[in-house]
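Got a structure here, written out as structure tokens. Questions coming.
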Amino acid sequence: MNNFKNDYSVGAHPNILNKLIETNLVPQLGYGEDEYSAQAKDLLKQKINNFDATIYFVSGGTQTNLLVISTLLQVHEAVISAKTGHIFAHETGAIEATGHRVITVDSHDGKLKPSDIEKVLQAYSLRPHVVKPKMIYVSNSTEIGTIYNKEELEQLSEFCKTQSLLLFLDGARLGHALTAENNDLTLKDIAKLTDIFYIGGTKNGALLGEAIVFNKPHLAPEFDYALKQKGALLAKGRLLGIQFLELFKDDLYFDLAKHANKMAMKISAAVEEKGYSFLTQSTTNQIFPILPKTLISKLNEKYLFYEWAAIDETKSAIRLITSWATDETKVDEFINDLNELE
Amino acid sequence: MNNFKNDYSVGAHPNILNKLIETNLVPQLGYGEDEYSAQAKDLLKQKINNFDATIYFVSGGTQTNLLVISTLLQVHEAVISAKTGHIFAHETGAIEATGHRVITVDSHDGKLKPSDIEKVLQAYSLRPHVVKPKMIYVSNSTEIGTIYNKEELEQLSEFCKTQSLLLFLDGARLGHALTAENNDLTLKDIAKLTDIFYIGGTKNGALLGEAIVFNKPHLAPEFDYALKQKGALLAKGRLLGIQFLELFKDDLYFDLAKHANKMAMKISAAVEEKGYSFLTQSTTNQIFPILPKTLISKLNEKYLFYEWAAIDETKSAIRLITSWATDETKVDEFINDLNELE
Amino acid sequence: MNNFKNDYSVGAHPNILNKLIETNLVPQLGYGEDEYSAQAKDLLKQKINNFDATIYFVSGGTQTNLLVISTLLQVHEAVISAKTGHIFAHETGAIEATGHRVITVDSHDGKLKPSDIEKVLQAYSLRPHVVKPKMIYVSNSTEIGTIYNKEELEQLSEFCKTQSLLLFLDGARLGHALTAENNDLTLKDIAKLTDIFYIGGTKNGALLGEAIVFNKPHLAPEFDYALKQKGALLAKGRLLGIQFLELFKDDLYFDLAKHANKMAMKISAAVEEKGYSFLTQSTTNQIFPILPKTLISKLNEKYLFYEWAAIDETKSAIRLITSWATDETKVDEFINDLNELE
Amino acid sequence: MNNFKNDYSVGAHPNILNKLIETNLVPQLGYGEDEYSAQAKDLLKQKINNFDATIYFVSGGTQTNLLVISTLLQVHEAVISAKTGHIFAHETGAIEATGHRVITVDSHDGKLKPSDIEKVLQAYSLRPHVVKPKMIYVSNSTEIGTIYNKEELEQLSEFCKTQSLLLFLDGARLGHALTAENNDLTLKDIAKLTDIFYIGGTKNGALLGEAIVFNKPHLAPEFDYALKQKGALLAKGRLLGIQFLELFKDDLYFDLAKHANKMAMKISAAVEEKGYSFLTQSTTNQIFPILPKTLISKLNEKYLFYEWAAIDETKSAIRLITSWATDETKVDEFINDLNELE
């Protein structure tokens, strides 16, 4: 079956596998003290233009989110997220399991605005009978494919500063956001405008791995303890370091994301041309076309994808995801079927 | 520097890397639903001769321990461990961080006996002012290189049954235990005598990965939720499945451990011959010779290892670890230096 | 200032204080093992007609809720509540602090219906990426003054059974619910239809104290450990036992609640007669009249109460609470002012 | 049966009950905002001579300990306690349940010395594989009846400052410590030498209640949230305020403790005169005489007390506790029996 179900269905970019083989028998210190991790951190600091940043590599996004949030919040503090935010929607209560409420905001585009947060702050004002909102969690690209533009992120950043709120950006698909056609943000901007963010490897060419960036090192001076305590410190940290080293050599990371986006946008254009609409205005590698149920049934016989939401009696929205490894001939085949099948 | 500091200083056994390359672009379902993981689980069930077992793959030992213990214990229940146990000594309070006390027992050989546990049960009897001991945590091989023999494990298993205690065996170095010269246990015995155990990959040829085995599937029917919640469910679960598939093909896993043990025992024999003694009676890949401090200083210039414990004014115990990748010529070199240097 | 702000502004019913004095120097065992607690539990078992029930006394409602919920849920399980539910709205994230999500349902009347829960079960079906809903939390009377009738609670109870959900009823104001004019439930019904519930003392005549009833004793056979662990086990448990003994002697508890309701309904009738409407259809001791802001300002000079919610430019809803100790002359004075002031 | 089993077997000092009756119908704000609590806090600040202190009242000792410790420690930090410390010995893992390890020190006199702590700091130095010791927990009087003298507490305080450790003193029986014959500390000293301490009411005349004192208010600026979240904030906070107001009026608190100590010392002298020895060198209201088992059996028929520890074939240590309410005629009767029975 041709896969449009997720962006983690195959292994890693060949450069990574080659580097793993090349370095395989070079002895290294364990637990992230290896030289590849050190080099990868240096490289990332250059890319974000912040040599004071503190960087850690971990295995996955849920792990990142629970580590960052539980380390930075006091027991009575909470994090605010869009209702579509991954920490609320698809992490099995990982944040609550560390003791903190996720306060949700309904958001049609998966993004948060200062006015959304202002309402939460008002609703959570009856101290001490309510939790204290302390952190803002945003995703870029969002879980529904949209992206923040520079003005939006600047406004959010400014608002958080005035309200003493921490701004944490989930970059599980940060590459896809920063290479979208309508993007005007850079990695350096992200580092400047957020307090903490992470760069997702798993969904963009790595076997596994996310790079957590504390833009202000005083935020978590003892984060290494938390990494170990929560089972996130790999004995062979080299595995993570090597991957980020390869991904950010010659900006491979962005090339991979660009390809994923291009594949999605090609399908998107075909969907639009055919007269179908979309559930969300995505410009990245996740798109949500609204199609006739009969057509969905037929596509389902050849392609793997999620049926996302029922729209009415005859139509549903589906989710199609492309990745760095998506074969353009499969995309063309899908477009052809979209046009031919009814 | 020649490394006797740990057994995770290099990458993976070449078979694993080759298989990763071979399967790299075969699309698979995510989150452990891939066919390699399914095959690896089937293979392990054959090896342990328990087709009812439920098996999960995760990244590392601390993650395994905290997942198993926090899932199986009620809020007021505690786990009993030797003071040298990894969960007490080297996991940054991972178990307490999930809400449970680790009750420790002083043990000269790193192992637990029914009589040790009986004393704990008596000390923790003033209900409800004390926690309730509910699980026994043992490691095989232990953190100081010793192993359980069959009779010892049978007695422990029997005692746990009569006391309604769960028996959990940490097998981070299970391969080394089961291939030690004085071992009389099999993988099948382990599965029969414990309630839960795990088979460590990280320290015996894998890039990362431990296989958690619930010998009685009713013990944690919804463990998958916990895996996801604690950030332990890899999107590309194939990475873990493929490694265990390779490790247990043709019993590679045991061959690798045998080599590590053989290297350690070669050094051990030289130490003994030279008239030095040991801190612990290890028969596996971790040994703890007691050497003159002057000799330790000189060895330190060429070899990486831990100084484990001061013994007296002139002597200390060091820890030497070998692995599947230890080069015998380096071992011989070390033995030579041990004999030559003073 | 005359108080309509809460139902815990004065001390205890005199019978309770007298009994405290009478028994003051009779030595008793500590930690709830005293004879008064034993007698009070026996009395309550008679009242609920369930001699198998297990009963515990604790200090307050938040403590009760967090104890019951954290003891009964597994790490990956969640509780469903109306958005107005006390556990979500006014307990500072107490439930999340024990590791569990509170899944909320928008409810205009503060109550939950099977259809609400069905929608949650559907939304939380993507195992293992979401928490597992396992418990239903309802309040009677609700936080907005409404009550469940027998048919509603029966339907909920039946639905929970078919879905293997636990039904937990917060009875912080259970007395007020069961003595409301439109009530058709009894204490015995509550015990039969729920899995766990509690009888609130603090808001109906006690200095402090809630009685937690496990209708099915197998639900939490070791709850006493949790009580101690969470700091809820009073050394002088007699203080709680004595109070419940007095409150349920000659049904004082219900007489007190009846008085509170009567006072609220008297104001309610006056509000209605004057042509004002209500935010909620309360029949208990909390009412939410919608009044002109100018009138609210004037009332505020003489009476303590919460401004609950802005309705429009000129009107707001306020919350008035009466209690067992509310003086009818103050109620009449308030009604008079309501009619006289503009 | 005559009670020497604990110091919480009867109700409250009559002054407290009288004040409860006198103030019963005076309306007050809830949740600790009442005027009695405010007055009691002012009075305590005078007594400790620290008008910057922040004070909170809660129900009991376990609640206090878990609140203070979980609020002040980061996720990876731990508290050091004597093995006899209440948080380790008799609180059902309350501290671990909040996620933190209690690191224990063997101590023959129930007290901690700088040298004990230094050893722990050395043992817990392998960052990040071990928790970080951050707080020292001491009890005065200790759980075995001994007390700290001024020099000891000064040394401990100084050591904690140099090591950036927080010093937390459990004063469940602080009155008994400060009125012991060999005491040279004052309440003002305690406030000066510790970071946080609490004054126990439950075991010295109150129905329930402990006063938590943050000597440095910056330590927990948002502790009120934690109080509410953990279920420790009583709706009728007046109950706690009134009690401390009465206990510290005319130093009743110390008079009550003095009586308890005097009763214990009277028995102690008789035990000594009779030639028996003690398990611990107590000068407060808990004593641990070592008596022949045959004598213990006979005393057991008339008196309630704990058999604390078996000493040898023929002797055991028992624990006798006296309180503010202990009747001297019962003490004399006990002494008489001690002398008469064999």
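A, B, C and D are the chain letters, set down in written order, and residue numbers restart from 1 in every chain.
Everything that follows uses one rule, which is that a residue touches a chain if its C-beta (ideal position, glycine included) is under 8 Å from a C-beta of that chain, and two chains touch if they have at least 3 such contacts.
All of these numbers come straight from a predicted model, not from anything done at the bench.
Of all chains, the one whose Cα centroid sits at the greatest distance from that of chain D is A. More inter-chain C-beta contacts link the pair A-B than the other of B-D and A-B.
Centre-to-centre separation of chain B and chain C, using mean CA positions: 51 Å. Rounded to whole angstrom, the centroid-to-centroid distance between chain B and chain D, based on C-alpha atoms, equals 42 Å.
The distance from the centre of chain A to the centre of chain B, each centre being the mean of the chain's C-alpha atoms, comes to 34 Å. Across the assembly, chain C contributes residues 75-76, 91-93, 97, 99, 128-129, 131, 225, 228-229, 233 that each touch 2 or more other chains.
Only residues 75-76, 78, 89-93, 96-102, 126, 128-131 of chain B touch chain D when the two sit together in their complex. Touching chain D in their complex are the following residues of chain C: 1, 3, 5-6, 8-12, 14, 17, 20-21, 23-30, 59-67, 91-94, 97, 202-203, 207-208, 225, 228-236, 238-239, 325.
By the touch criterion stated above, chain C contacts chain B in their complex at residues 70-71, 74-76, 99, 127-129, 131-132, 222, 224-229, 233.
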